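Presented sequentially are two complexes of chain A, the first with chain B as partner and the second with chain C.
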Partner chain A sequence: MALLGSTRRSRATRVPPVVLAFVLVPLLAEAFWVFWPALQGFYLSLTSWDGLSAPKFVGLGNFSEMVHDEVFRTAAINTVLWLLLFGGLSAALGLGAALLLQQERRGIGFYRAALFLPVVFSLVATALVWQAMYQPDGLINNVLQAIGLGGWKHAWLADQDTAFYAVIVPALWRQVGYVMVLYLAGLKGIDPVLYEAAKVDGATRLQQFRHITLPQLRSVNAVVLSVIVIDSLRSFDVVWALTRGGPYHSSELLSTYMYSTAFQSLRLGYGSALAVVIFVLAFGVIASYLVRAFREADS
Partner chain B sequence: MTATHATTDLKDAEGPAGRTGPAKVAAPRRPAPSGRALRTAGFHLSAGLLSALWLLPIALVLVTSTRTFDDIAAHGVGSWPHSFTFDSFRQAWVDGGQQRALINSMLVTIPTVLLSLGLASMAAFALSRYDLPFRRVLLLLMLGGNLLPPQILLIPVSKLSEMLGIYDQLYALIGVQVGFGVGFYVFVLHGFMRAIPGEIQQAAVIDGANPWQIYWRIILPLARPALAALTALSFTWIFNDLLWAITVLRTDTQMPITASLIGLQGQYVSMWNVIAAGSVIAAAPTVAVFLRFQRYFVAGLNLGAVK
Partner chain C sequence: MTVFNATRRRFLVGTGAVGAGALLSGCVTQTPSTSGGKSGGPVTLQSNLSSPQAKTAMQAVVAAYDKRGDARAQLNTVASETFRTQLPTYLTSANPPDAYTWYPGSVAESYAKKDLLLGLDDIWEKPELAGYSDALKKLCTSASSGKKVFVPTSYYWWGVFYRKSNFAKWGVKEPKTWDEFLDLCDKLKSKGVAPIGLGAGGDTPWVASTWFDYLNIRVNGAKYHRELLAGKHRFDDPEVRKVFDKWDEARPFFDPNGTAIPFQDATTALLQGRTGMMLIGTFFADAAPKDALGDLDFFQFPIIDPKVPVAEEAPTDGYFASARTKRVDGVKELLRYLASAEAQELYLRNSSGTALPTHPDAKDAGTPLVLKGRKLIESATDVTQFFNRDSSDALQPTADTALVHYLAKPKEIGSILTTWQRSAQKIWSQ
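What follows is the complex of A and B.
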């Protein structure tokens, strides 16, 4: 076996060539399908391109066009709103569900599985299930009618004022179980002795939650936050399946706008620029993720 | 690191298994049996209501898929069912092209899962068990690639697959799914493999094992829990993907089940029985994986998250 590595102290230091190949093959696969395209993506955001003729370099032209683009503004505002609403609610509801279902007792497995089951559905299937519920003659309107709120009946997805919120609900329905699982694992990691001690000191349930549970969950919170931000910015399927961003762009997100700009309007340069905006929004999370991973990989 | 957190098990249904949760600690304060029974009833009532609310859409789609179109047209999609048939499944399966789409999904998902976990486990093995130069940088570079928003890659990837002549072929989808996913799996498996004691490997080296044998016969079997978790997880991710599929595929007969479901929605407008049946077909494989590998699946989510 060839001696590629040095003969330094630490453990199995010699690196045989086959081991190098073990890293290089996957790395090349990723470089080919991810790193190289990503670089191209950044370059294309500086061009005007219809996909047929050669891309024309326009500098920051695409980005200055965004300033005056009404649809972009709607999509950007919606994306931020999506982050806050979808993110905030799924974190709150997920934590609530985890607190409710944390104790091992009879039947708990069923309740957890019920909340968790939607997580395995594709967002497309989820979207279609909810589309049936939102129909003018669907379950939601029927229930409203039945409980005497007939006046609230609505074409939920066809109305500019409600479409966006109507799209968030299925996304939440699917995400809450996921966040719950993360919090359940976090709650399990808290030392019960802390609660015993707090109880001896006469702390109420609420005080225990504020002064023990929440601080102890800090690392899980960071994880949930990252997951939520990344998921929010990637959100595409559910909107695409339900409304395609309509009506009149009222439920448009940056990701759906990027997709339709690039692949339906065939404005590939402008689409790339929109993708760069999404990247910039995600960058903070990606960076903090990597910083944390860097520390982990070290320890 | 990660592995210790991966213990939440949805199946842990049965009773007071020695753990003292906060609620239990508070219990002695209560005026014993009756108060406790009341609290238990309250718990089951609220948890039951919540579960019912969560399961309602699923029940609804199951019911809708077994109704006839005439029934839905006459009474509305939200009404009580007046008919029962499995014909909508036949329509979605045969006329709606879901059979073809499900096969496509499997043709993409299974090789992708095998290939990306195979490659990732090799890289993780090399990075965690040998002193490679820049191994930490390589590891984070690979993870970073997976964290990129896919939108930045869509246009170049579609052009790349056109250039390679595999545009509109399932190979393109497999390629990009492997490339995009591998970084994350490497990261998770690396964390897991690092925890395996070095002595085991040294003993094998002394016995004359080569790196391949160490990887295949020692490390890989020891990493099985993490591999199982990632398999369950990546199966659902890849199977459920829509964005990559509609980026590199064009023809209807090539589309996987998610994209085909959207096509079904366009083709059978307001025929909710067929659309519901299609949704059931599209969800069945991942639900089956979940029910069968629940423990690994949930463990996988935690593995993935607790970085």
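What follows is the complex of A and C.
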């Protein structure tokens, strides 16, 4: 009996070599291309390295420098602000657009496609188009002039008071269409009977939204939130293409500061330390979100 | 289960051991390797000359080299900023591109010191390079090894450029002194023109450095300037403050869009007469339409203190090669060709033609503009290169931030200089 049991168990749990290969080969590739460079990054964050000589081990020196680094502080604050503004606005505007465009009407497909179109373009191309619009004699200033708001004309990307917000706009312009599509899918999944019942009960549109739409969109919200958090923390291309974190660090994000420190100032050790901080932040935000999500699922 | 367990454990132990071993041996330090790479095939020439006219001229030179028959070269043109950030990676890789467009002096020295550049002493003895001036020989010799590591092929000058027709229209003339320069600015401003164009926005913030360079060599002299950039003085010293006091006098005449547009757009503004003049190197002409070239003129950056010996910025361009190249003979052959009068003239004919060849027998474009430029450099007591060429590529971003900040918030100059010194210190102490 015991023998039979063990044979059965081993037959049931033995992994066929093909399956094992399917797991191990990608894992090896991943280990080589992802885990290994990441480990190197951790090691480099403990060194001072100019990319040419051998790295000098400095322990936690880079991290203690960060504590007194004003640019790091600006970049960290901007990254949090970016997360809130970019994240919050793209969710709100995406949901708004989805609500507006959910009903099948004549020509609605055109509006949906128009809003989704920016998602198709590469972010660098998007940034270049916006750069032309933000130029001192570009479209935005010309329009302001034409409608009698010449006093509002501005060097949008060259002014430290406006650069950060000017950079968020193209990022949002692109993200809203993506979020809208996610919400449209969610809205399609809501049973119309719920709304009919609510109408019979005399619920206003706002009440319908609050008590039917929002709770029904809970699962979509989870997807949107994770997409937004990940996209916020990896935002780099649009800022780099438009301002390179400038003028004088006013639109600096942790990602752009990491890049300029490492590859422009050739302080690769400090740049790696910044990369470690970004990793920890991203991991922290995502892990805390996952824990919360699991807890909600359990309850 | 046992089978799988054993495999997984062994795999994890194996990976861990490999990882730890490599970490301990510091494999991230990319120790020099002599393996890999092919010694045959064309010599690769990595070029940062990506503006249309310069790129065409490079293609013409390489095509002419290939046509000679015995050896071939392959031109890879890379955007300038990408090239600059990738250069350390190129040079430290095991199988690097063979030759590179770049700069001599302290920039080349930073690589030569680490044995990353190919020694070129033997080709300097050949006829193509033997007649080069002593100043060029010195500029291309590594201070640490005493070997020649660079082949210079052209140089250019910086000046305050303007359109002759516009100056005639506005009824103004070239100034000589600082006071005359400020008067000129006043006159242009009264005519509704932004007197000084800049072009330190977009991806060319480094253009602002030349104002710092010129004011510093006019106020404190070229020697002090070089020492400052080498870390022997501080950016928050009173001498540097004097530079900004002078800059303050000219700052109200700068184009307000100067830090919002790159130098290519600032060139357009100059050509269209929206700005009056621009302190820039002759390379800007590569971005200008050819029919406008005849209307361009320049004047020397005004003298501020007659007691200070007159220095000019005249950056030299040329080529160096990787010490790890597998095609040593081919690279030297290519560099010898590039150093020849024939190749330099070919380059000048196909580009905007505003640079000066380094070969004593090579003819320049011969235009009045070029003759004036040559005279400017030849009559200078001292010659500087440019901020990053006299310091390092790594120090350039610190200047970009400080100077663009100064132009926007001039009153904060005290804290700007303190911050600049702090950032520079981090680079110097590496």
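The rule is short, and it goes like this: the second predicted complex is superposed on the first by the 268 of 299 C-alpha atoms of A that agree within 3 Å, B and C clash if a C-alpha of one lies under 4 Å from a C-alpha of the other, contacts with A are read in each partner's own complex, and residues count from 1 in each chain.
Keep this in mind: a contact is a pair of C-beta atoms (placed from the backbone, for glycine too) under 8 Å apart; a residue touches a chain by one contact, two chains touch by 3 or more.
As the structure is a prediction and not an experimental result, all values here were calculated from the model.
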{"item": "Partner touching more residues of chain A, whether chain B or chain C", "value": "B"}
{"item": "First (chain B), second (chain C), both or neither touched by A:L44", "value": "both"}
{"item": "Contacts of A:A171 with chain B and chain C, given as first, second, both or neither", "value": "neither"}
{"item": "Contacts of A:V15 with chain B and chain C, given as first, second, both or neither", "value": "both"}
{"item": "Partner chain(s) touched by A:V129 [first = chain B, second = chain C, both, neither]", "value": "first"}
{"item": "Which superposed partner A:S260 touches (first chain B, second chain C, both, neither)", "value": "second"}
{"item": "Which of chain B and chain C A:G271 touches, first, second, both or neither", "value": "first"}
{"item": "Contacts of A:H249 with chain B and chain C, given as first, second, both or neither", "value": "second"}
{"item": "Touching partner for A:P55 - first (chain B), second (chain C), both, neither", "value": "second"}
{"item": "Touched partner set for A:A158, first chain B, second chain C, both or neither", "value": "second"}
{"item": "Interface residues of chain A shared between complexes with chain B and chain C", "value": "10, 13-15, 20, 35-36, 40, 44, 51, 131, 135, 137, 263"}
{"item": "Residues of chain C defined as touching chain A within the complex", "value": "1-4, 7, 11, 15, 19, 22-23, 26-29, 85, 88-89, 91-92, 110-111, 114, 116, 201-203, 205, 256-257, 259-261, 265, 393-394, 396-398, 400-401, 404-405, 408, 419, 426-427, 430"}
{"item": "Contact footprint of chain C on chain A as seen in their complex", "value": "9-10, 13-15, 20, 24, 31, 35-36, 39-40, 43-44, 48, 50-55, 70, 131, 135-137, 155, 157-160, 244, 246-249, 260, 263-267, 270"}
{"item": "Interfacial residue positions of chain B with respect to chain A in the complex", "value": "1, 5-8, 10-17, 19-26, 40, 43-44, 46-48, 50-52, 54-55, 57-58, 60-61, 64, 76-79, 119-120, 122-123, 125-127, 129-132, 136, 138-160, 175-176, 178-180, 182-183, 186-187, 190-191, 198, 201-202, 205, 210-212, 215, 236, 239-243, 246-247, 257-259, 261-262, 265, 272, 275-276, 278-279, 282-283, 286-287, 289-290, 294, 297-298, 301-302, 305-307"}
{"item": "Sites on chain A touched by chain B in the complex", "value": "1, 5, 8, 10-16, 18-20, 22-23, 25-27, 29-30, 32-38, 40-42, 44, 51, 97, 100-125, 128-133, 135, 137-143, 173, 177-178, 181-182, 184-186, 188-189, 192, 195-196, 199, 205, 208, 213, 219-220, 223-224, 227, 230, 233-234, 236-237, 240-241, 254-255, 258-259, 262-263, 268, 271-272, 274-276, 278-279, 282, 285-286, 289-290, 292-294, 296-299"}
